[in-house]
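The first chain written gets the first letter, and so on, giving A, B, C and D; residue counts start at 1 in each chain.
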């Protein structure tokens, strides 16, 4: 799960994106399990640092000893949920989504509103693989957005790590 | 189409988003007609300033005497297509999409790849109405992204201006 | 003052930066005269779109028939001063200063607080010439920031246009 | 040096800014010592993630067991120097400086070119204290930029931590 770059040891970075308010109560447990499993694989979790899917995933990761990065829309680190270990204040609103996607090797999308759909598409635009769990599907005529649909957190994390290793 | 703000006269600003390489040859004429009709309505066109749908729409608008703004991903105004009247160099890559959406009153999406899908979703996230012409549809379970589907450039521009007036 | 790029005619773009609240009442007249003279030379004025030096310069330019662009820190075009003809809403706070500097050929700084000093230095960092009128001077040991100090709005505009022509 | 926020333990975050190419060979040792001392105080170091002062400070911090964050201008984490533990790819060029300043509690400036001057001024604009070590001084008429000038890395780190504690 880790590779040596210079003197530093760098783990894979997986983005977790999703709704800030749960549209389905089941999403909270899914997000938390994704976070926990990412930590178990030694991956670093990066997300938008706020509530809902972001907070549940961070909680799962942090309780399992994993590293969590929150890239915040606002100007104050204190805006981060309490399970963000490294809070980055951008002051750039939704434009901060670009930073999450660029920094991640692979993105896992869970549930989500339009912001999540936007990040999924942005990841695909920037060539980052996306694994989806109960999230958006999109099509234009015959063309379908090449989202990898996972049936469970276990599968989502397994596929995300596989894709990260291939990409690296 | 115009309203007075302070001493300045401000027209509606309509975003035109879409593919930089035409996936269907018919999209070029559609984009150009959208641009031409926007200019005919006195609207300002804002787009990403590059090729494909962006260039065709700017060409249509400029030839009809309309104003065109190109918000560029790179650091050099010279990157704009020749039909951009006001080029803004952001140096922010895809994060510049946020600026297009925030500045527009309404967005018209034509054809398009993942970048276009991302901008559609971003517009919906930020509360800007979206009119689509041969573009993406997205759904999550029962939920459909509330895109207004237009059958022609004429309808797309008519609906976009109606929505802009309502929003203003 | 103008050169043909493709089918479009593009004028020089001059950034005007400075304090949003006047530290010296004389700065208002200076900024307004800079704006008026830029318009007289056919240049486009780009600024942060808010109050103080930005508003006075836009007022001078607009009353003389010139074009004014305001690159706003917030998310709403309505935040622009009434003399901004083309308002661009970035939602990026101070990061929008980069856009002003990248889009300008040359920057004129008038008076100003720390934000102005930051933009002066950013312009120098990005290779854009800076003309200063009653603004910051900076030095590190023997090294002085290569600001062109102007004694009057007339000289500031003349030098800015000369530098823009050389750069183009 | 640490305070409990929710369930997370958060250390002070100190920005280190400075030249990417050493203008004076002595600056390398100064930057490395600043990094080492910040780590010794339990502070997290945030910087632009590249070469020169950024790399020397990260090296000092990492070798002393401290945490280092690099907020990169480009789109690839691999652009970070080897002593960056957490690399954030922004793809926003110089606009990424805003993120460093917003995330830091206090900024230490060492040597530096125009980019450093720009970050110093941006920090002051955003209300973040700045400690300078052989860096820029700026004045506008009677007004001096309120930089805290330190005579040594030891003093710079001591003052930065004091200011961070006061600010928190």
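One rule holds for everything that comes next: a residue touches a chain if its C-beta (ideal position, glycine included) is under 8 Å from a C-beta of that chain, and two chains touch if they have at least 3 such contacts.
This structure is a prediction, so every number in the text was calculated from the model and none was measured.
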| item | value |
| --- | --- |
| Set of chains whose contacts include both subunit B and subunit A | C, D |
| Cα-superposition angle relating the copies subunit D and subunit C, to nearest 5° | 180 |
| Subunit D against subunit B, contact positions shared by both copies (same if over half, else different) | same |
| C-D, B-D or A-B - pair sharing over half of the A-C contact pairs | B-D |
| Centre-of-Cα separation between subunit D and subunit A, whole angstrom | 28 |
| Geometric centre distance via CA averages, subunit D-subunit B, whole Å | 40 |
| Per-residue multi-chain contacts in subunit A, two or more chains | 75, 91-95, 98-99, 126 |
| Of subunit D, residues touching subunit A in the complex | 5-8, 10, 13, 44, 62, 67, 69, 71, 75, 77-78, 81-92, 98-99, 102-103, 126 |
| Residues on subunit B engaged by subunit D in the complex (per definition of touch) | 75, 91-95 |
| Residues of subunit C touching subunit D in the complex | 92-95, 98-99, 111-115, 117-122, 124-126, 134-141, 145 |
